[in-house]
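Reviewing the structure listed below.
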Amino acid sequence: MIIHNQKPNLATLLFAYKGTIIAIIWPKVLFTVLLSSLVVMTHGTLYDYKLVLTATPFTLWGLTLAIFLGFRNTVAYQRFWEARTLWGEVLVVARNLTRQTLTLLPDLPAAQQRVLSYRVAAFAYVMRDCQRGQAIGEEAAALLPAQELKELQDSDNAPNMLLLRMSQAFVAAFRQQGVDSILLAGVEQQVNRLSYVHGGCERIKSTPIPYPYILMLHRFVHIYCFLLPFCLVDSIGWLTPFVVCVLAYTFFGLDALGDQIADPFDTQPNDLALDAMSRNIEINVRMLLGEQALPQGVEARDGVLL
Amino acid sequence: MIIHNQKPNLATLLFAYKGTIIAIIWPKVLFTVLLSSLVVMTHGTLYDYKLVLTATPFTLWGLTLAIFLGFRNTVAYQRFWEARTLWGEVLVVARNLTRQTLTLLPDLPAAQQRVLSYRVAAFAYVMRDCQRGQAIGEEAAALLPAQELKELQDSDNAPNMLLLRMSQAFVAAFRQQGVDSILLAGVEQQVNRLSYVHGGCERIKSTPIPYPYILMLHRFVHIYCFLLPFCLVDSIGWLTPFVVCVLAYTFFGLDALGDQIADPFDTQPNDLALDAMSRNIEINVRMLLGEQALPQGVEARDGVLL
Amino acid sequence: MIIHNQKPNLATLLFAYKGTIIAIIWPKVLFTVLLSSLVVMTHGTLYDYKLVLTATPFTLWGLTLAIFLGFRNTVAYQRFWEARTLWGEVLVVARNLTRQTLTLLPDLPAAQQRVLSYRVAAFAYVMRDCQRGQAIGEEAAALLPAQELKELQDSDNAPNMLLLRMSQAFVAAFRQQGVDSILLAGVEQQVNRLSYVHGGCERIKSTPIPYPYILMLHRFVHIYCFLLPFCLVDSIGWLTPFVVCVLAYTFFGLDALGDQIADPFDTQPNDLALDAMSRNIEINVRMLLGEQALPQGVEARDGVLL
Amino acid sequence: MIIHNQKPNLATLLFAYKGTIIAIIWPKVLFTVLLSSLVVMTHGTLYDYKLVLTATPFTLWGLTLAIFLGFRNTVAYQRFWEARTLWGEVLVVARNLTRQTLTLLPDLPAAQQRVLSYRVAAFAYVMRDCQRGQAIGEEAAALLPAQELKELQDSDNAPNMLLLRMSQAFVAAFRQQGVDSILLAGVEQQVNRLSYVHGGCERIKSTPIPYPYILMLHRFVHIYCFLLPFCLVDSIGWLTPFVVCVLAYTFFGLDALGDQIADPFDTQPNDLALDAMSRNIEINVRMLLGEQALPQGVEARDGVLL
Amino acid sequence: MIIHNQKPNLATLLFAYKGTIIAIIWPKVLFTVLLSSLVVMTHGTLYDYKLVLTATPFTLWGLTLAIFLGFRNTVAYQRFWEARTLWGEVLVVARNLTRQTLTLLPDLPAAQQRVLSYRVAAFAYVMRDCQRGQAIGEEAAALLPAQELKELQDSDNAPNMLLLRMSQAFVAAFRQQGVDSILLAGVEQQVNRLSYVHGGCERIKSTPIPYPYILMLHRFVHIYCFLLPFCLVDSIGWLTPFVVCVLAYTFFGLDALGDQIADPFDTQPNDLALDAMSRNIEINVRMLLGEQALPQGVEARDGVLL
């Protein structure tokens, strides 16, 4: 996630480069500009053959592009926001489970309360590692019993296995403290929510936007941008490269941004800040447990928070 | 579902053919291109009668097409995504039920736990077979008691019958273990979720997008693409077939893609990967039960995962 | 609901007439075509006064029409789909209640189980009859105790009254069998869902899309189609009637289709297949009860399933 | 809510005036038409200065207007429909609570059952009066114990206070009848739904669409309609007033309609029929209680149901 | 939130300035107008070089702008409305918890009931202070036990800590009064709702719309507005500054408004009225407790309610 101050000044808005999408698309945009310049220089002539293109095809194509880009954009953002909402729920559930551990099991020794709650905090780290396809990191390791950690590392689906252990531990603790099934059912419901979040993130990750959409859009945008100079050269001359550049910037930019946020669990600049969110969950759990020495929140590097 | 690597290079994006929608629509697109070429050759004259078409009709038609295509696209994708979400819930519920079997019925013999959980895994296969209109396959057969399998094969609505047996088995197990109704009610709620998923998928399958939408859109797109050359020929000459080709590709492509994803339970390239998802469910259930020899996940064939 | 095979051939798509929206709108379209022809014959002259219309008004009007038609279309479809979803829930709940009758009240005599479950199946028929404003039909009568049927026939709101009797019967049966309140509460929740579905359908039926939308759209579409020939006649001559015809077909067609699906409980070709759905519910309930002689599903007549 | 027969004939659609939005906007439309006529008469000349406006500004403005109007329209309708859905839930909950009073408290004296249920029916009237900013009317007064009515009339938030009394009465009745907490919790959940509905309606009422949207849209529409004649006069002459009139009708009409339905609790023609809905709730409650003499439903006056 | 009377007259609509978005964007708009005037004076010539721009680039750009602005607008409003809905739920839950305190714990001493309910009211203030990044104010302080207040002031996440104390107090009170777990579970569910609201608001606050959207939109709008005069100057002359002014007003206005409502917890004129809402919650809680001397609601200052 790119961090920026809320009221950037005009200069920032117009000339910012770092962390923006330009860093990714500039070769394409540059190529388009060079191509346009070439077209202007040759007056739209290709091997002595004058390519005549009126505005009509671009107007007609434009409508289709509008549908395509609008649709793709909306769907990509919905995926991004659903993923964010699911992760937001991990925070909420982690707080609820920690709170309920403290309020419903007040006589449980503090150490046991801590083990129960730490496991919930670890879930966020484990889920992040799983979504990013990396091994379970040290952060989760520090929060989990050694034996469970080993088991998770061997598992094909660590978050799922962790939920099993979490559930077993809560059942055992409630039974041990003689708390009735009704309150246990409430806790089990929260564990189900975590299971739902985990499944929802897997769904987003494993089901991309149908490939033909991406393919058609890519092709269309390229054809559009590469042919546009032939249409404009006769009427606006040397302004052609500039006009094409602006259009290429937005088209390629929207496309690249859509790629990033449609699969928000990666570590690209506009992806979700999973590191920061899971650290925040740990901090919240520890805070509720009354710990004084809380870990630091993750900070942005080069304006990007991951 | 078409599998592709996340960062396809430019060549792939521009020239990929296998698994794309072009494999389906190329005859129509080719026909349109040939027709356009013919129009260019005859200078838009039909039996000595010059068909004069300005851009105005196409601009006016274009707006309607935009509404149509945008609407159809959105609705088709919503159906696709709702179906995916429903199937995603089967995974979540299968995990929850297996987990609850293990945590709430810890003293049940492992063999009985396995029968309970296998039935949940079998549900995914049975639902898939039902949605694809095929007989119950070997995968489900291997997970179900022989007698129940027979009953399901004779049933008109096997998933529904399976839920009855699942529910009865859970009630019997909970009663046998003396677990109270509160925790049983939680399990029953999960079974209700499966019932909801099954009903939701039947809803999508049995209620297509109202036929006149499809019909009007098809007709409109064809008329549009077949008349467009007469409008363009006088201004852009031999570029006409190319311009028409690009438009025909996107219009027919969007149309064909919409057809595929609006009914996502089939086995066309862009349909949901029901095989892979139900196999994944089985793997997850077995993993939670602590089995070591897990089945292999389904792999993509020719880039298509089903 | 219009039934069609999933892969209609091109001829069907282009020339299908039966069951399509054309059967309703052809007089208007024909009138528009005739009017256009007249305009072409008189070269756009009305009583020696030449009506000059450029494309500008139509382009400007077009944007507004796009907003209107898109909005109306979306809202109509949302109503259609919400109604379908609500009806889909009746099926799910009917299955759940039948299943729970069998699993939670296993010792209840089969005859009593049947009465309880039949009442749920009857609910679908009664709700359909209520929504279509017709008397309670034979299908419901065959499933209900004679006395209750009489009471429902006298009632102003039969589905509501039926839910009261259903709820009372379940409470009585649970109390009689000594099942605890927790499982009864689950059943009561399902009855509440039926109540919610009934209320939701009443909401859709009693609250049409605000009338001025319909009125403005109708007026606008008519003016647009009737004036368009004057704009086109000078540039495209005898192609005018054809261009206007295509536009009139889609505008009037979208309008008529929107009318049908916005109020989906009627018996027009594109309305919901309430007969088929309620029959399906009865079949499902009977199947779960283990009956062998199941009723036939409703079949489409002339390609229309109601 | 404007009542109309479902299949209005063409004449009605084209010439209906009563209850339509025209009754509100005709002065503005007339002014626009007069202005256009003046422009035509002076050939677009203002104090010897010829105002030359091409179509380009209007095409560019048009896109922005499309975004604006589409957005505003959608948001206004969403508010309308959410309010309708919330009110629809009052009906559902009123039925549920009455039904549960009868089924879960079967031994409660009928008079006490009636008091409990009447209070639920009164809630609808009290909420309506509160939303319309009027004193609690006779309809609610007839359904409530005299002392409670007094208390409500003195209260700043009568619906909220009524829910407290409702809840207390249910708790007392359940305790008195010795019904367990589980079923009481179900009733309490329904009361929470009423609380949610009340809060939701307050939310819609107290938070209008952000004012700048309304302001910008208003200004833009006025400028657009007042300048348009200068653009059209040279090309279409005396058709200008007509074209502008049609556009002004839809723009001002959409705007006025949006105003009405965005705040749907008023008593304007297109607002929600709160009178009819709350009366319907009373009828349903009385019907379930088995009363024979049911009140009449509210009827439309001059085609408007309130 | 800007307060305005529901039926502003025409003069207000056209000339209102205070509290509108113009107060923020006028420098940019003015600059655009001055630039346009300069362009008209020099007839579009830059250093003797005539910048020729046809309408085509603006038409093509326009479509992209439409996608951008529409998307951004919709997303910003969704964030605004979700935040409002979440806050609306605090009111509902506060009422529910106060009501349940009174009905389920009728024998608890009034002083203790008051402490329980005041804590709920304080939650709204604490959450507001937290969202606005300010210290816990006097309003919350007056409602909380001194010791808890101290603890909250020291906490990194005061609302979260307050929920822990709230939950503990409810559990203690229910246990003390011997009320069963079922009703306590209902209360705990309400506390979970508060936790969900708190997490939801944090989600909106911590995850802005992806920065590249904002950046691209800003840049595009500026380029568009600054180049437009060169396109218009030849055809409409001195009307250019006016046309550009109107467009700049809406583009910059939409942009600025989007900025405000996308992050609705600030204290800008169009942000949510958190002060008024939390005061209203306190009033409602006190009213239910039967207090006579209720605090005044927050009033608008200069037409702005915060």
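Note that the chains are named A, B, C, D and E in the order they appear, and that numbering of residues resets to 1 at the start of each chain.
We adopt the following convention: a contact is a pair of C-beta atoms (placed from the backbone, for glycine too) under 8 Å apart; a residue touches a chain by one contact, two chains touch by 3 or more.
Just so it is clear, the structure is predicted and the values come from calculations on it, not from any experiment.
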From chain C, how many touching-chain steps at minimum until you land on chain E? 2
For the homomeric pair chain C and chain D, should the interface be classed as same or different, according to whether the shared residue numbers exceed half of all numbers used? different
Cα centroid separation, chain D vs chain E, in Å, comes to 24
Scan chain C for residues touching two or more other chains and write them down. 59, 63, 66, 70, 182, 185
What's the contact topology between the chains, one of line, ring, star, complete, other? ring
Name the ring's chains in order, please, starting from chain C and stepping to chain D first. C, D, E, A, B
Within the complex, which stretch of chain B touches chain A? 1-2, 4, 6, 13-14, 16, 19-21, 55, 58-59, 62-63, 65-66, 69-70, 73-74, 77, 80, 84-85, 88-89, 91-92, 95-96, 99-100, 102-104, 106, 180, 182-183, 185-186, 228, 231-232, 235-237, 239, 243, 246-247, 249-251, 253-254, 257, 260-261, 270, 272, 283-284, 287-288, 294
Mind pulling up the chain E residues that touch chain A in the complex? 51-54, 56-57, 59-61, 63-64, 66-68, 70-71, 75, 155-157, 160-161, 163-164, 167-168, 171, 181-182, 184-185, 188-189, 191-192, 195-196, 198-200, 202-203, 207, 210-213, 215-216, 218-220, 222-223, 263
